[in-house]
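Chain naming follows the written order as A, B, C and D, and within any one chain the residues start at number 1.
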Amino acid sequence: MDISNYLYLSAILFTIGAVGVVVRRNAIVVFMCVELMLNAANLAFVTFSRINGDLVGQVASFFTMVVAACEVVVGLAIIVTMYRSRRSASIDDASLLKR
Amino acid sequence: MLTAPQLSYSLLAPILIVLGGALLGVLVEAIVKKGSRAAIQSTIALGTIVLSFAFLWRVHGQTSRTAAVGSVSIDGAGIFIQGTILVLSFIAILFIADTDNFAAQASAIPGSQEERLALETGKQQTEIFPLTLFAVSGMLLFPIASDLITLFVALEVLSLPLYLMAGLSRRRRLLSQEAALKYFLLGAFSSAFFLFGAAFLYGYSGSMSLDGIASAIAANSANDVFLLIGIAFLSVGLLFKIGAVPFHSWTPDVYQGAPTPITGFMAACTKIAAMGATLRIFYVAFGQAEWQWKPIILTIAILTMIVGGVAAISQRDVKRMLAFSSIAHAGFLLAAVLALNTDGLKGALFYLATYGFTTLGAFGIITLVRDSSGEVTDLNRWVGLGKKSPLTAGVFTLFLLSFAGIPLTSGFVAKFALFTGAYESGNTVIVVVGVLTSAITAFFYLRVVVMLFFTDSKSESVSVVIPSIMTRLAIAVCAIITIVLGVAPSLLLNTAQTFATFIR
Amino acid sequence: MTTSHNLVYLIALPLVSAAILLLLGRIADKWGHLLATLVSASTFAIAAIEFFSMRSRSGAARPAMQDLFTWISVGSFNVHASLLLDQLSICFVLLITGVGTLIHIYSIAYMSHDHDRRRFFAYLNLFVAAMLLLVLGDSYLNLYVGWEGVGLASYLLIGFWNQKPAYAVAAKKAFVANRVGDIGLSLAIMISFAQFGSVSFSGVEAGVPHASKAALTALGAMLLLAAAGKSAQFPLQSWLGDAMAGPTPVSALIHAATMVTAGVYLITRSHFVFDASPTAQTMVLIVGGITLLFGALVGTAKDDIKKALAASTMSQIGYMILATGLGPIGYAFAIMHLLTHGFFKAGMFLGAGSVMHGMNDEVNMRRYGAIGKVMPITAVTFGLGYLAIIGVPPFAGFYSKDKIIETAFNAGGSKGIIVGGAALLGAAITAFYMTRVIVLTFTGTKRWDDQVHPHESPSLMWIPMVILAVGSVASGFLFNSGHALVNWLAPVVNAAGHEEGKALMQPMTVSLLALGVVAVGVSIAILKYRTVPVDAPAGNILTKIVRRDLLQDDFNDRVLVRPGQALTNFFVRMDNSFIDGIVRGVGGIVAVSSTNLRKIQNGYVRSYALIMVVGVLALLTTIWMVTL
Amino acid sequence: MSIVTVLELIPLLGVIGLFALPKGSTKLIKQFSIGVSLVDLIISVVMAVRFNRGVSAMQFVESRTWISSFGIKYAVGIDGIALVLILMTTVLVPIVLLAGWNESENGRWSPRVYYALILILETMMVGVFAATDVFLFYVIFEAMLIPVYFLIGGYGRGERAQAAMKFLLYSLLGGLLMLAAVIGTYVIATNQIGSTFDVTALSGLHIDSATENMLFLGFFIAFAIKAPLWPLHTWLPTAAKSATPATSVLLLGVLDKVGTYGMIRFCITLFPHAAHTFTPMIIVLSLISILYGAFLAIGQRDINGLIAFTSISHFGFITLGIFAMTSQGLTGASLYMVNHGFSTAALFLVAGWMASRRGSTKIEDFGGLQRVTPVMAWAFFIAGMSALALPGLSSFVSEFLVLVGTFTRYPLAAIIGTTGIVLAALYVLLTVQRSLHGPTTPGNESLSDLNIREKIAIAPVIAILVIFGFFPKPITDVLNPASHEVMTHAGYVDPQPKAGK
């Protein structure tokens, strides 16, 4: 199988993630879409690692996972606080700051 | 036999010290009683910064070296930016030390019994200090990181604490939390772009290091499309952080919602760190591919200046106005990216430093203007402040004039230095657009001056609180530096010139 | 050329006196008029000394110079403040100081009831100083200073009673009309400098032979424009009638004897330009001819005694200008007429002032009548002036005016016949309207109200009138005896080589012809004004037009004033709505864009993310396009 | 230290002294400020006496490194043009302080601030004329706006905030365009001769013509806004209507001269070829300004607006003289700057007194003042005569020199410009007629005439107008070498008389 297909897959995943961020309302889902985008990047890293024939890309994906984990911690903290004060996880409700 | 990699700890010491200080802060938060935490935490934070700066000072002569197996480059520009960030963080912590601005217990639901109790007993949580230090450590790493992974990690290290800090305001907590959420979601979104871009650059060059990317571009060996996608996506992450149009939308909301000392910290330090990293990436890695990206950056720079300047005019909230102003300034700073020469870099370094002081000072002043329910950021209620508190209004005016680039303030010299670099490289267009948008920005700064001084105040009164000694000191330092660097810019400009180098 | 050290005092004395009177204010009220009169008299004394001293010299030594200081020196533009007293200027200096002094004396009495008499005398002194500077300056630029100075003095004096709005307007009108003429003088000086590198009379004269015809014609035309402004010549004549708003001594001195003749002086002084440019000379003739008829016609319909005299002045100056257009010999006759006119017209104005003084400032001649009986001295002096102006021998006007008519006829060809005819026709009309003035004022039946008690004026007033009357009687004869004046002026105006040539008419023929038309004019007037209605009859359309000064003000109003006002209003509106409007418009666009940008910032994270995505797409598209 | 620097420092020291004075001593503050400005005046007179007239080079030069990395220096020095403008400044400041004795008391802030602002302004006004470093000039050029901004906005009347804003924005816009040009010039210099802002060094650059034109325009537009040239003038009337008389005098009398001064010192000296290229356009704009300003002045109802528009007309003459590029034109224009400074000062001060007595600035509200307040009326009249350039007053000499200088090169322009003298007569005399003549307007019967302080303030101005009308030589002798230098550098010689002798 042509290795570039992995790249296409990565791009598709990234796009799905990006579209999800734009269309979904639930903060958790939006956040998951972001994670999807990160993983799309990971896939790209690994693919390129394969193409380039070294391990750097794979190492990078480990870093990404760690960082993504940290992001989850911070992100969930924020979302939960938000949910507790508003009883809603819809990001559209958080639109007091405008204009 | 395997040998441990040469990390050059002495060169990394400033970052490590700040990280250490942050960890110490976490410990303090865990062990020390609530009542006495604030004092200890602020002392630790300030001490850490001083210590870090001292170590930075020790290595400032040893430029043009890499550390951590080439993951970071210790060069003139990097050290200059690190130093600037440290000094500005010090001042920012002075503002943050006025813990009255922060939620006593961030986990408590706004308006709940729990919150009231925490406030009444004065049991203030002080996680803000270690968070600040974590962010600072990320900021110190970001501009000297010279491979894509380090860049990404540094970006996250500086961002994650900031997301939290944005949500810690004591008053108007819903807005603050909303700001945190927006900042977080959009920040994570942009990080994803950054990472995706990084992946493609890696794919293009087969290397993670900026140097490697530059070599690949010079050799022009591989698939061009990967490079372009890489540049574009990586730029999105960077441009998001510096607040360039069209990746700026978060700026006004977050600036407005975040606790004001944090807004100041963000506006000054984050912008410097992000700009430093941007400059490094574009100068070191993408320098050879300028024909591909210059038109885009030029367009973005012009858009940023215009949108920032124009949108600021109709703002009614002073923090939002300064947010748009910071967007406009991001546009000016992009001129240095376009310049791609030493003078442009020098200009940018000087600009970042002076802009940082002015910004911190301005947000510092905002923390002082209050009514019974806290800070007042509605510009209409600032009307006539010059009559009530001439000194406060006068100093604020000074900062505004510096933003506007009026001669004899640091902002003017900065703008001059920056545009000179851009002009030298033949980017006349950005200089002309830059000076024209300066006129637009001047309009809204002056509008505030008119409100402060030339309009009679209405009944709803705001008052200026007597600032704590630390806040007073911080504002005074900012004001003095704004004037001194306007009158005698050589003090810093010569340093900037000496340090205006990137190594590959 | 002789060097003199006294010329400066001619100007400095009255100037200092004026300054003292103005600066000291009310303190000087008691003695101000005496100081002013004394100063004026001493200038006359100096002038007399200078005159006799000049007569004692001969040939080229006659003119006297005094170089005071370098006034302006920039690049090659060098102008010295220096004074030149030659045969031409001494005539004027004597006239100005002489008549000036008489009028000072007259004014002491005439203005004795005025609260601001001191200020009046200050202005008079200021005028004398400026007028002397005008005729003594050795360059066009020095002349210009005096030229504007007399304009200023005239403005101040016309508007002396400026609490009356109409008088204030008249003063302004005079100044502005003069300014139009000043454009001419300014440009003439500029042309001189550009052409000859000099603005002094001698410098320009030296350069004339090398200059192009076009340049000389332009220079001449500009000088003529200047002269027309100052001397109330067509088409800038309209201010003179209104200028009668000033106190009567002012009308006598400034608007009859001296200032208004400055144009004649200017042209005579610049004879070398006109001699070298026949086109310019012809223009002078045309202007002079039109004005002499214009003034005379206007004079026939005026009921206001001063305005009638003003119209007459305009007409008489028309004669002088006409004469200057007739070439070398004409200059001398122009000056002769100017001098005799100075006597008789000043005398008549003073007479008119005397009548007004006795008639509670009534100026309408239809309300006079039979004043000769109650004011005999005034009537006699006025009458002598009358005889002089209509040209009855052997009175002064006969000599001067006949010479002009004669020279005009002898100008040659159709030109001679036209200008000669105009001059002759003018003489007839002059005789008509002056007779009308005499008849209406001094003879016939009394038409004034009973509460008015006309009386002869005090001696301070009638003595100057008598002296001027003597001048009206004798001056013409004196000037003409042995061609005294012509020979005196010959070195200045280069008239020496002028040949009598083949004359169209002999002097005797001209005199008889002139006397004939004068007789006709006088007779018509006497017949027509046997009875005088107190209110003017409606009259036919021609009468109405003449009464409206041949529509001069209507013309100016339609052609200049109203379009000017419309233009001003247009500009004011344009400045507000268009130019500033563009500025505001740009501001408005920015403001609207700003509001729209604010709306984009709608608070929804998702739309922010969308903006980012759109941005990324735009970025990719651009990159893609750039790489293509 | 150069005497010029001393001249700049004295008012600054005065400001420090001002804040050391005890509180509540308004009178002392006023006396002290006038004292400081008088000291400055005396020093400037000393400087004038020591000035060597025969020399066209800069004198009293001083040069210190300021911002080394850009080769920026604190460099000052004066030639004849700068000297007379500095003298005008130092003479006018004490006069306006004395004349506007009470102006500081109705402001938003204390009198102390007012006097501090004016003294700071004096420092800058001296500095801006003395600067021989383009960057230094630019810095002061822009920084000057701030004190004026606060003077208009804080102590003015009517719509003062808006007027101050309009003034500042206009000026900033021009200034920023100039900044771009300054940077451009600097970059070219860096490539050719190294980093420098020295005006003499910069004047030797070789710039390709397209760039030179752009740089010229950058400078020129800034100056054309400052010394308002049609159509960039609309800020001036607004500012003049709102500013206090003293501020107006300094604004129109001195600050706006920086524009015309800059045209000579920078536009023509640095970019002679571009100046040549744009001369026709500039001459047309000047002529429009002359006539347009005069027409607008005629149509004004507000006395300050009137003075502002007359100034626009006069600035047209100055620009015309400068770009005629003849000795007479240049010297005349420089002299015009000085004379306009004094005659505008007289007009604004007297108009200010009239307005403060009457409580209105509408011309129609005056009327018949000649009878009520003769001295004030006379002062206004003489100032008006100066505005219409009556011979015998100093403004005549300059106006005539400008016209004659223009005529030798551009006759048509001079002819059109000359028609302006009729319009000048109209706008002055109409105003005189409406405000001084006629019956006394009800409400004006009991207005008081000038008091002794006001007489002392206005007397020197009028004396200067008269004295230099008859003896302009001291000034022209100082200006001539400088004008000659400018012309020579720009490659012009005076046209020769057409009809040789």
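The rule is simple: a contact is a pair of C-beta atoms (placed from the backbone, for glycine too) under 8 Å apart; a residue touches a chain by one contact, two chains touch by 3 or more.
Note that the structure is a prediction, hence the values are computed from the model and not measured.
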Hey, which chain is the most central one here, using CA centres?
D
Tally the contacting C-beta pairs at the A-C interface and at the A-B interface, and name the larger one.
A-B
Suppose each chain is reduced to the average of its Cα coordinates; what separation in Å results between subunit A and subunit C?
96
Centroid distance [mean C-alpha coordinates] between subunit B and subunit A, Å:
25
Please report how many Å separate the Cα centroid of subunit B from that of subunit C, as a whole number.
78
Where subunit C and subunit D are represented by their mean Cα positions, the distance between them in whole Å:
37
I need the residues of subunit D touching at least two other chains; which ones are they?
none
If a residue has to touch 2 or more other chains to count, which residues of subunit B qualify?
181-182, 185, 189, 193, 252-253, 443
Could you pull out the residues of subunit C that touch at least 2 other chains?
598, 601, 603, 605, 609
What chain-chain pairs meet the touch criterion?
A-B, A-C, B-C, B-D, C-D
In the complex, subunit D residues that touch subunit C:
231, 233-234, 292, 295-296, 298-300, 326-328, 331-332, 368, 370-371, 374, 378, 385, 390-392, 396-397, 400-401, 403-405, 407-408, 411, 414-415, 418-419, 421-422, 424-426, 429-430, 432-433, 436-440, 470-473, 476-477, 479-480, 483-484, 494-501
Under the touch definition given earlier, write down the residues of subunit A that touch subunit C in their complex.
18, 21-25, 30, 91-92, 94-99
Please output the residues of subunit C touching subunit B within their complex, sorted ascending.
590-591, 593-595, 597-598, 600-601, 603, 605, 607-609, 611-612, 614-616, 618-620, 622-624, 626-627
Touching subunit A in the complex, subunit C uses residues 598-599, 601-606, 609-610, 613
How about subunit B: which of its residues touch subunit D in the complex?
346, 386-387, 390, 401, 404-408, 412-413, 415-417, 419-420, 423-424, 428, 431-432, 434-436, 438-439, 442-443, 446-447, 450, 453-455, 488-490, 493-494, 496-497
